[in-house]
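Just passing along the structure, written as structure tokens.
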Amino acid sequence: MRSLIDIQDLSVAELDELFATAADIAEHPARYAEAAKGKKLATLFFEPSTRTRLSFEAAMLELGGSVIGFSDADSSSAVKGESVGDTARVISAYADIMAMRHPREGAALVAATRATVPVINAGDGGHAHPTQTLTDLFTILREHKRIEGLTVGFCGDLKYGRTVHSLISALSRYAGVKVVLISPAELSLPGYIKGGVLLEAGMDFSETTDLEAAIPALDVLYMTRIQRERFPDPDEYERLKDSYVLTPEKLVAAKPTLSILHPLPRVNEISVRVDADPRAKYFSQVENGKYVRMALILSLLASAADKTPLTAPGEEMPTMACHNPVCITRCEQELLPRFRVTNRELQIIRCVFCEKRAEERR
Amino acid sequence: MRSLIDIQDLSVAELDELFATAADIAEHPARYAEAAKGKKLATLFFEPSTRTRLSFEAAMLELGGSVIGFSDADSSSAVKGESVGDTARVISAYADIMAMRHPREGAALVAATRATVPVINAGDGGHAHPTQTLTDLFTILREHKRIEGLTVGFCGDLKYGRTVHSLISALSRYAGVKVVLISPAELSLPGYIKGGVLLEAGMDFSETTDLEAAIPALDVLYMTRIQRERFPDPDEYERLKDSYVLTPEKLVAAKPTLSILHPLPRVNEISVRVDADPRAKYFSQVENGKYVRMALILSLLASAADKTPLTAPGEEMPTMACHNPVCITRCEQELLPRFRVTNRELQIIRCVFCEKRAEERR
Amino acid sequence: MRSLIDIQDLSVAELDELFATAADIAEHPARYAEAAKGKKLATLFFEPSTRTRLSFEAAMLELGGSVIGFSDADSSSAVKGESVGDTARVISAYADIMAMRHPREGAALVAATRATVPVINAGDGGHAHPTQTLTDLFTILREHKRIEGLTVGFCGDLKYGRTVHSLISALSRYAGVKVVLISPAELSLPGYIKGGVLLEAGMDFSETTDLEAAIPALDVLYMTRIQRERFPDPDEYERLKDSYVLTPEKLVAAKPTLSILHPLPRVNEISVRVDADPRAKYFSQVENGKYVRMALILSLLASAADKTPLTAPGEEMPTMACHNPVCITRCEQELLPRFRVTNRELQIIRCVFCEKRAEERR
């Protein structure tokens, strides 16, 4: 049985296959209208995320399946203190596959070690949200017929933006992708992503604070939101914010084949006036997200005959501890922490659940 | 593509057709059991309204379609600040038709200008709730086989009752309808409805404070709730309230063909003892609401091949402003206010979104 | 038309039939995949209970039916003050059967007296939760092929545990069942259950505070949670709690055919290490709950052609009053209290809604 916890769970060949299925679904939806007939998806949203939840639900319904679930923790048994593992095991009796959103990092992995049906991570805190990355990659592929060799700009909050980190990481697996990082200095890409992903993969990348100047070279522009709260100095925010709002004026020198992406919801970082531009692809992206989730559901359901839960990777290391306060290991009943060495040279050991660096137990 | 934002969007001929379909559905439900097979309705309830939401959901399911959505703003992306327009556009990728309830007046119209699928207004603040009016009209028609020439009494809070105003307005399009307004003086029908609807349409109407005396002449009695909060003087409320509670005793002199309607939920303005009276039609009304929504969904889906969003009516008038604090124009990103002249003689200009009177910009 | 308000509504013969159907469904699910096609279940959860709700929803979907509803009172019309009776009547226009969870004791009975479709009590305050008891009985039957003659241990909070009281009461209808009551003195079974059920039915029972010593004799061990709040003295709780946590160590001398049950959610009263033991049946119990609800839905739908609501049992007794503060009679519009004599000898009169003892009106 397969689950999808992290985008790295899928090889490039598996991604290709998934995208081929997603493209076929987009082309011939009627052929898939009963592909999941009689199957149930459980959407377990321990925190609200309407767009992601409805995307999964629409995906399952368009496959002829049906949906059960909850949309916030208040309506769930979590208020009675049930562990994530028990919830996953119980839901396995009700559904054939589950999509879980949870504020705790590593929650989906814990669920997958207890569930007897496939688990899809629909976001576990700030850790991973692989179906968003699938959506982004599939949109780039559909618009450009390839991912290799494209120049992809990321604009906005590159420091905290989980979707940005995941997409850069995923792009590093394709040859010749150039990355342009566009952000105020305060919100630039963290060093561990630059070092651990861009440099490690030998990707060509550049950094700038000037969106307008960067645009002409781009094949893809991935916009994200800049939040006022991220700035220590509110005046600095006021001074900068307009430079990172995309307008028709800033697009004058863009390539005609540019695709503009955004994970949504947008607040005001892209002017509504851009929506009519044929290069605005953020609403197509929404539709692509549905198709890629349909492909994923089908692929995982195909593996569901085997009911064996996932074995958590890594090993127990009695001398190590995970100090991440939102890691699932901090609250899950009788869950023993597990770790793995991710860089033997630098002696980096990570918690397998939240992937944060572990520390020596004191 | 058609949407239903306001009951006035439908001509009397279109109403007739809708009611004919609704009656046929009520008669032959099995014929419609797969009429919307493979289609999805999104119920977007930014504020809770169980009865309306479940009526839409039951309607869609009885047409063989399926449903996605949310039942309050907390579980929606609105908490992340997404605009109504963006939500409508995103949901268009997930559903074939949507029903929206929103606290902001004009929200459904904004949604319809951005959605690429039909939008049904399921209540936008105090502005409009056209499917309630459809339900009321269809119930009268089913019970009396006609609307023309009936004497319709409205009892209770005629001042604030949105359903009352809409139904009077809709009835004004049928010949020979007589209206009897039954309320305490404090809650009588506002002058702009009397002048703008009853007098303008030349309807025969009378006013009284005496429910029991008014009943014998009525074909239809439309009850509404009197809320304590509406009275400046609580003693006055106490003195009056029982006069407007419908009991079997007050019905002694009523016509045998009377129909008693109520938009529900009732609190105590109709005694439970009236429920057994064959003239109590407020629970049939619930069922009729389902049939008329089924007819509406079918009718709008039939127009859905054309994906062009609605164009907002009216025009930009740089000298005018909408001062309604709950108008959608007050918060929607980059939405330019639009206005139209509704009475050239009296120089009345209204906001096209909330339909409140516009004022000169200062 | 039949409803299920209390487990005692079903005769042992009816239970047998229900369990036979449930077993057949578990064996041949495909045969039932369209058994409720075109039918709708309404899940009316005035307070959240994810597991119960999802169990009902999964059950209905596996019968080919569909589901509407709400998962907490905030999203329901209850906030507008609608009575339970009116809600039940309104929902009858939208669904073919309803499952109701409500904090008021007797709410489901009131619903059944007004609904024109079958009502299933999915928990009414601390009063009854018959589908949990059906689940428990069916699990015992599936595991042991009989209920008669088994030795059933109940461990934990026997004082407040509603599921324990109901199951003991249900077991008293089967010959030769022996009951072992395992709890701290503070949380022992109330006298009225001992007297009114165990002694009245002539059941063989014993009491102990020692879980480990009791285990070897048991065919079934029904675990429940001990809540800290139940202890007047927190030190006493700390001293005792570990004795009532089930671990592999305590199971060493248990029968190989023992079945361990738990109504879930568990917090920590059963160690996760027990889950791998083949005698741990609490997750099978979850699945059995789905099957028995499928059987129940089918059985009640079969009775639905008759639309007559239930008549409330008992009679009005103007001299009696129900003083239970959470009884539905305290808030339901125009609901007259009704009572019945449950023990003529002892002159015990009970409210028919909440089944609490009535008192003379003062």
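In this document, chain identifiers A, B and C correspond to the written order of the chains, with residue numbering beginning at 1 in each.
What we mean here is this: a residue touches a chain if its C-beta (ideal position, glycine included) is under 8 Å from a C-beta of that chain, and two chains touch if they have at least 3 such contacts.
What you see is a predicted model, and the numbers here were worked out from it, not measured in a lab.
State the superposition rotation angle between the two copies subunit A and subunit C, fitting on C-alpha atoms only and giving a multiple of 5 degrees from 0 to 180.
Answer in degrees: 120, to the nearest 5.
Same or different interface residues for subunit B and subunit C, judged by whether over half of the residue numbers are used by both?
Result for this pair: different.
When the C-alpha atoms of subunit B and subunit C are each averaged to a single point, how far apart are the two points in Å?
41
Mark out which residues of subunit A touch at least two other chains, giving numbers and ranges.
Answer for subunit A, listing residues that touch two or more other chains: 66.
Would you mind writing out the residues of subunit B in touch with subunit A in their complex?
Residue list for subunit B touching subunit A: 38, 40, 42, 66, 68-70, 74-77, 79-82, 85-86, 89-91, 93-95, 333-334.
Under the touch definition given earlier, write down the residues of subunit C that touch subunit A in their complex.
33, 45, 48-51, 54-55, 57-58, 61-62, 66-67, 71-72, 264-268, 271-273, 275, 283, 286-287, 290
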